[in-house]
């Protein structure tokens, strides 16, 4: 009997030792600190900066910005952590919930409430006061109770891209400025060429297509989905008019197939391939369009307005925003880096390299070397009112976009009418906003 | 017990007369070609795309090879230390997970297949139940636990996590494989005085090698391809290949060529390993050798 | 191998201990549990807290987010009521069942078919090796790439699949497989089957190695044709493996999140929304982690039912 028991024990012990051994070996290859990113050693501070920007900028740009900062601040080191953009929203939320966020965090403006809801962001107003920083030149700070928690560093406008060759082929000679001109052009392109007039990216994974491709029509004509006290109110005649206009494009067969599953990055590809004549897209895509189709003859223009509208035009804008983790042990140093990014010279450089516009009004981007398209877009930017009402600090804004997207998909596939669509959206919004404060 | 046909006959005869055998061969080969096509053609397209520059990958009408096709994407890959590091991370984690899973699942499968003990059905339910909660809903509490244990952004943390993901399948399947082996083997050995461990490692294991290796292959694939926890549990020090691949999907553009090249390059070693070693576990070497 | 003369059982064999009573059962249990301990320790150690936390969340009023001034308190079945009365959840339940059952069926049929082809005796070893390697290729790729590849092949109205079909003369130009409500679910099942059948195939192939050649030949001698040989000799041998894998695959597909989310995000118009997707959007879009926890627990319960059923079937099979 002893032999049996002994061999069992021997076997199990051997297995246990092997397991522990391999774990120790593996553990030696890792480093297990970084609960909130930063560390300090004898006056030197290391900060972690989580972002996805490095991949969107020319190679090496982010690194050189960081080295520039380190040169100016010899006792601060910046650890650059680059994340996959598709998953940054989720992983940032998970990190915030488990106190693993980096010291400085890059975010999209629409995630503001998701992170603020967890108390994950540090109060920047306090930090600005301690650092005697004058923030009057910053466009669109995101605030709660009058304190700033997130600052947009770069703004990306979404003008209309127009394929001039396709328009000419369809017999259209000028860029549409109003909705009826747009419809005429879209119809002509769809009927007389192999391309379609318009495309929308309404995929549910990242539902910002509702802002970029649908609400843009409302905002261009000075409309709004917000009512009194900034509470969302979408069931209005002006929104209904815009929805019916877009639906008319669908019904006339002007829209590129697959829009209900299309993601934002597919639009510039379709445009570069000449599959669609007009689209609303981020200015940042100009570079990739030109590299994919160097001979493409296209122009940028403001989003068409309602017939007869003469007021100031709104233009959809997304942003690269930045904030500081509330768990950071080195908030003051982290603020120094944020201040560095918002410094007019650096901000201008960052914005230009990213094909966006600076979040600091005092930053004058040097567009003399830029593409004429960018220069044109800057004109549009300065003449319009950049706004994205989903990024205004509304609670659960991603869910709101998703609710709207679900209803729009039903509407554009003919399953319900516009009144039901807007009513269902508003109901869902009311429900979610109420729950968000339960 | 001897076979029913003499060795000489066995060499030359197979079930069925000659003509239907040729027909069987034709249909089998056809079926295999279709199956292989089903499996491989999309990947072949991926490989051909990895040779093209980005602007040509999405061109319509699609073309197999263009004038600009080259291996530039691959040479870029092999000069990029970050991507090579991710190979190291993925293979290290995959290997550790596979070895540990095989050892543990063989032990556990044996006891679940051969022994009767109180709480056995509860154990089986736990084994399957552990993977019954959608991982996406477990992420935040799990991440909290890993952080408290100090394993955030470490190899150990990810290895342990992958083990938890692979154990249920490995244990259930090992049990099933052991179930297919007759107990008479055990009993014969036990009469000779062998202990449980001896029966397991010296008698049952060699016969169930096909099953063990198939579990090993699956475990390695699972760990190699795992994305969710690799994303959430690591930040900087550990970056596996799936995360590297996702990094090519940017906000403004997708670097298809680099993404496809990394996927193909990463799978080639595994494929070669499988090609070379498969005959040791699937080549019919062990087939029918211990029956009767 | 067997001894013809009786001899005293060797020291260490079970025969030297009392053959009945609690003592022997207890000892056997001890051996069994020692074999199981590494697995059980790890799984329970790492999963007990997170699973327990999720179950706990499903009974709370809110979790993870900060609501200063609002204390946490248990709310009984409120979250479950909210989830079960949500028409989006009910429809996603149907989609989940359809997706899982069809995926498992196709995985099984394809895997079995390929395994039988690969196990065939009429082709040479080298050919077998090459085909085996080719047929497991879909397994080698992570979900991000599988989805990226198939989105690219399927989605673009002018994409590769449509181009080929059009060249063959089929009228599918402009068909957005993933963007239309009538084709999206079939398309994601197709991608899921493509990515997952090697799992079944390899396991079945390994199981087929154990099927006795003599038995098959004896069946042929008895006049059985290929199908009867398969049905009466091969199939019973494979049964434990088929049942185990089907249950596991069913449970996995019930929870499948990444494939569907990355391919369609639950659209278009919620036509491919499955429970795991619903759980995800409730948590990460809506920030309602307690309702998400409730829907996760519902999946857990369904899977546990399957797990218990599996345990019964095992016991029944071994009787």
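Going in written order, the chains are labelled A, B and C, and every chain counts its residues from 1.
We take it that contacts are C-beta pairs under 8 Å (C-beta built on N, C-alpha and C of every residue); 3 or more make two chains touch, one makes a residue touch a chain.
Since this is a predicted model, take the numbers as computed values, not measurements.
The fewest steps needed to get from subunit A to subunit B, moving only between touching chains, is 1. Taking the mean Cα position of each chain as its centre, A sits at the greatest distance from subunit B. Ranked by the number of C-beta pairs in contact, the top chain pair here is B-C. Distance between chain centres (mean CA atoms), subunit A to subunit C: 36 Å. Remark: subunit B and subunit C have CA centroids separated by 14 Å (rounded to whole angstrom). Residue positions of subunit A touching 2 or more other chains, listed in rising order: 3-4, 7-8, 12, 15, 19, 90, 97, 273, 275. Multi-chain contact residues of subunit C, defined as those touching 2 or more other chains: 10, 12-14, 31, 35, 38, 64, 156, 158.
Contacts with at least two other chains are made by residues 58, 60, 103-104, 107, 140, 144, 160, 195-196, 246, 249, 254 of subunit B.
Residue ranges on subunit B touching subunit A, taken from their complex, read 54-55, 58-60, 92-93, 96, 99-100, 103-104, 107, 139-140, 143-144, 147, 150-157, 159-160, 195-198, 201, 231-232, 235-238, 243, 246-254. The residues of subunit A lying in touch with subunit B in their complex are 3-4, 7-8, 10-12, 15, 18-19, 22-23, 26-27, 29-32, 34-35, 48, 50, 52, 55-56, 79, 81-87, 90-91, 94-95, 97-100, 102, 265, 268-269, 272-273, 275, 282, 284-285, 288, 291-293. The part of subunit C that touches subunit A in the complex is made up of residues 10-14, 16-17, 31, 34-35, 37-38, 61-62, 64-68, 70, 155-158, 174-176, 178-181, 184, 261-262, 264-270, 281, 284-288. Within the complex formed with subunit C, the residues of subunit B that make contact are 3-5, 14-16, 21, 24-25, 28-29, 31-32, 35-36, 38-40, 42-43, 45-46, 58, 60-62, 103-105, 107-108, 110-112, 115-121, 123-138, 140-142, 144-145, 160-161, 163-164, 167-169, 171-173, 175-177, 179-181, 188, 190-196, 207, 210-211, 213-214, 217-218, 221, 224-228, 241-242, 245-246, 249, 254, 256, 259-260, 263, 267, 270-271, 274-275, 278-279, 281-284, 286-288, 291-292. Note for the complex: subunit A touches subunit C at residues 1-4, 7-9, 12, 15-16, 19, 89-90, 93, 97, 114, 117-119, 202-205, 256-262, 266, 270, 273, 275, 396, 398-399, 402, 405-406, 409-410, 413, 415, 432, 435-438.
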